[in-house]
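Below is one structure, written out as structure tokens, with a few remarks after it.
Letters are used for the chains, namely A, B and C, taken in the order the chains are written, and counting of residues starts over at 1 for each.
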């Protein structure tokens, strides 16, 4: 009994790594330019579909296609920010939300049109089913473990980028005071575009790993957004590790919920989110700014 | 050689006109002081030169080339750095990180962290502290340093003395002639007329967006300056 | 100095008021000169009009972008089924009750979601809609995930229930437009317009921004609740995925953004446009939504005032004037 619950919690933690990955892109963009991209989940899904195309046309294994997908998505993110989203900044609350909401509708329906509503999956035989035996009754899949490790690496990478590199410094400075940073030679529009390109690359990785882990359909985008969002709220704004922790908590909530009753799986996650919102609205691990 | 000049420079904030045709000239290596009452347009004038306010292409010239309206990042990379009013250090960065962001102009020159720390030893002591934990004077030094890290040809300083004690103001202004000797041309906007005239070779007084007086400090009487400042 | 007086109407608005009167008479008499299909379409039209006015009130005036108002639409619909199918209440009575119920649920919900700001508030409202959807999908009394049919309506003869449903919808639409218009002309409207223009400035003038946004949210919820009951009374079948579908919000956003956010005329124009487009682009499937989304994006970027905003700027046309003008006496 205990072993089964331990197994459930471990699965939840590993799943939470993926949610943390979803959330990092969202959190990064909000941190740098206070923009919430409502199409976030749809773009994650786009990453999975791009990998699917690479797989079907060039026969590439999803992991081999990953760098290509990330590069393609990064370019898309840069172009999107420069061409569309930069125009919505500094004009109030409505434009960024309404434009990204419109983009969400467009992306979802483009995917529907191109790939139909059927579920797809990225084929990676063997990799996704192999498991590591820990003790008597606990088996941990290599793939979920790998996803979790990737999420950790992503968090460490972002942490390093922001704290130690010139680019990260410029991003933080732009986020602090985007007028003054221009006086020092930093083009804020370019900074935002580069940040979005980075976020899109992260979303591409998340999308490919998601597609390898489970089947996906064009209408799954909003669910990804919700998970990313709930992870950010649970964990708290302002720190990547907080967001990561939020993702893990959400993953455990889902795992526990599904174990109790398949119809209630997602609801447990929502209730945890609502509870945090009610009792600790700043999140469980916020970093005060 | 004239490094920076403005010709019939105008500036607007929406419908409000802040500058009504400012003519200005400064030779390389010189220090100019721009004085005037609040709202006279001094900050707007600096911002227009720095590219933070839009201007007609020919209204601002850098070494003869028209640079009006190029935008602040371009101007910074061309060697025009503005130390903004109120310091405006980046709160979530440390002192040293603030200075390092100054390197974003990509310009090559003599200014490095070591050299800056020699000029402002207090900053080295506090290099790892969050920028806003510094005293007003230290923050001002850091703001100047941050602009210097961009290796500017022209340094524009907006109200260095704002909110600082006289002793601190004095020590900051002692570095101005040093900077001039190192080859930096300066335009200083200042409320404290005495200290501004002490470091400048040229003084320009603005009143309601127009030049009311211009010349070398030595050749101007207190009465002339007062009249130009207040307008009677 | 010559004498001046404060005027609240324009020539265009007087003409429009007369025109509206004619339209209303035509509308009321519709059941006598058209068929069931047209009435059903009209009910749908009125539903979207009410939703558009409500969402516009929330976003265009209250400054709150919610992408989860479908939560209250679904709740309104399910209340109808709960009371009519399972408690034997007359379905028509359920319509106003749905509004009240939605408002009651909105009261505590607002307290929760208002802890979030801006973009996170928007997603939070969506999360709430998701919670309601999942909760109701788990209730077997309502047919769980596959939903159920409104048997209670079958008891009423068609010749009665169809016109009646139509008139209820018409009344709701008139009430929504008139209500919003009255609201915006009152001092509450001034507060809302101030908040729309600048929250901080409004607060500094003594406007209780939080409280104003709070009751605007509740009123908007009530409106969506009423629409939920009306809509599902019209199509007679409900399911959680349909009732809480985020596409409701997508359509409404399209309507308001393209029609003209922050105006009363805009949502009316937008709803008309939406239905015209829907009928003409009916056969294009997903391309229809792609086009809608793309037009909304372009409009928001380059014509933030929508069609009516552009008209208003160009011609100074006010059919529902909420401002005051100073004219020579």
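Definition applied: contacts are C-beta pairs under 8 Å (C-beta built on N, C-alpha and C of every residue); 3 or more make two chains touch, one makes a residue touch a chain.
Just so it is clear, the structure is predicted and the values come from calculations on it, not from any experiment.
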| field | Taking each chain's C-alpha mean as its centre, the one farthest from chain A | value | B
| request: Report the pair of chains linked by the most C-beta pairs in contact. | output: A-C
| remark: Comparing each chain's Cα average against the average over all protein Cα atoms, the nearest is chain A
| note | Between the Cα centroids of chain A and chain B the separation in whole angstrom comes to 44
| field | chain A and chain C, separation of their C-alpha mean positions in angstrom | value | 33
| Intercentroid distance (Cα basis), chain C paired with chain B, Å | 54
| query | Considering the complex alone, what residue numbers of chain C touch chain A? | reply | 59, 63, 65, 67, 112-113, 115-116, 118-120, 122-124, 126-127, 130-131, 134-135, 137-138, 246, 250, 253, 257, 261, 285-287, 289-290, 292-294, 296-297, 300-301, 304
| Inside the complex, what are the residues of chain B that reach chain A? | 50, 52, 71-73, 76-77, 81-82, 84, 88, 90-93, 97-98, 100-106, 146-147, 150
| note | The chain A residues in contact with chain B across the complex are 166, 169-170, 172-173, 175-177, 179-188, 289
| request: Going by the contact rule at the top, pick out the chain A residues touching chain C in the complex. | output: 30, 34-36, 38, 84, 87-88, 91, 93-99, 101-106, 108-110, 112-113, 222, 225-226, 229-230, 232-233, 263-264, 266-267, 270-271, 273-274, 277-278, 281
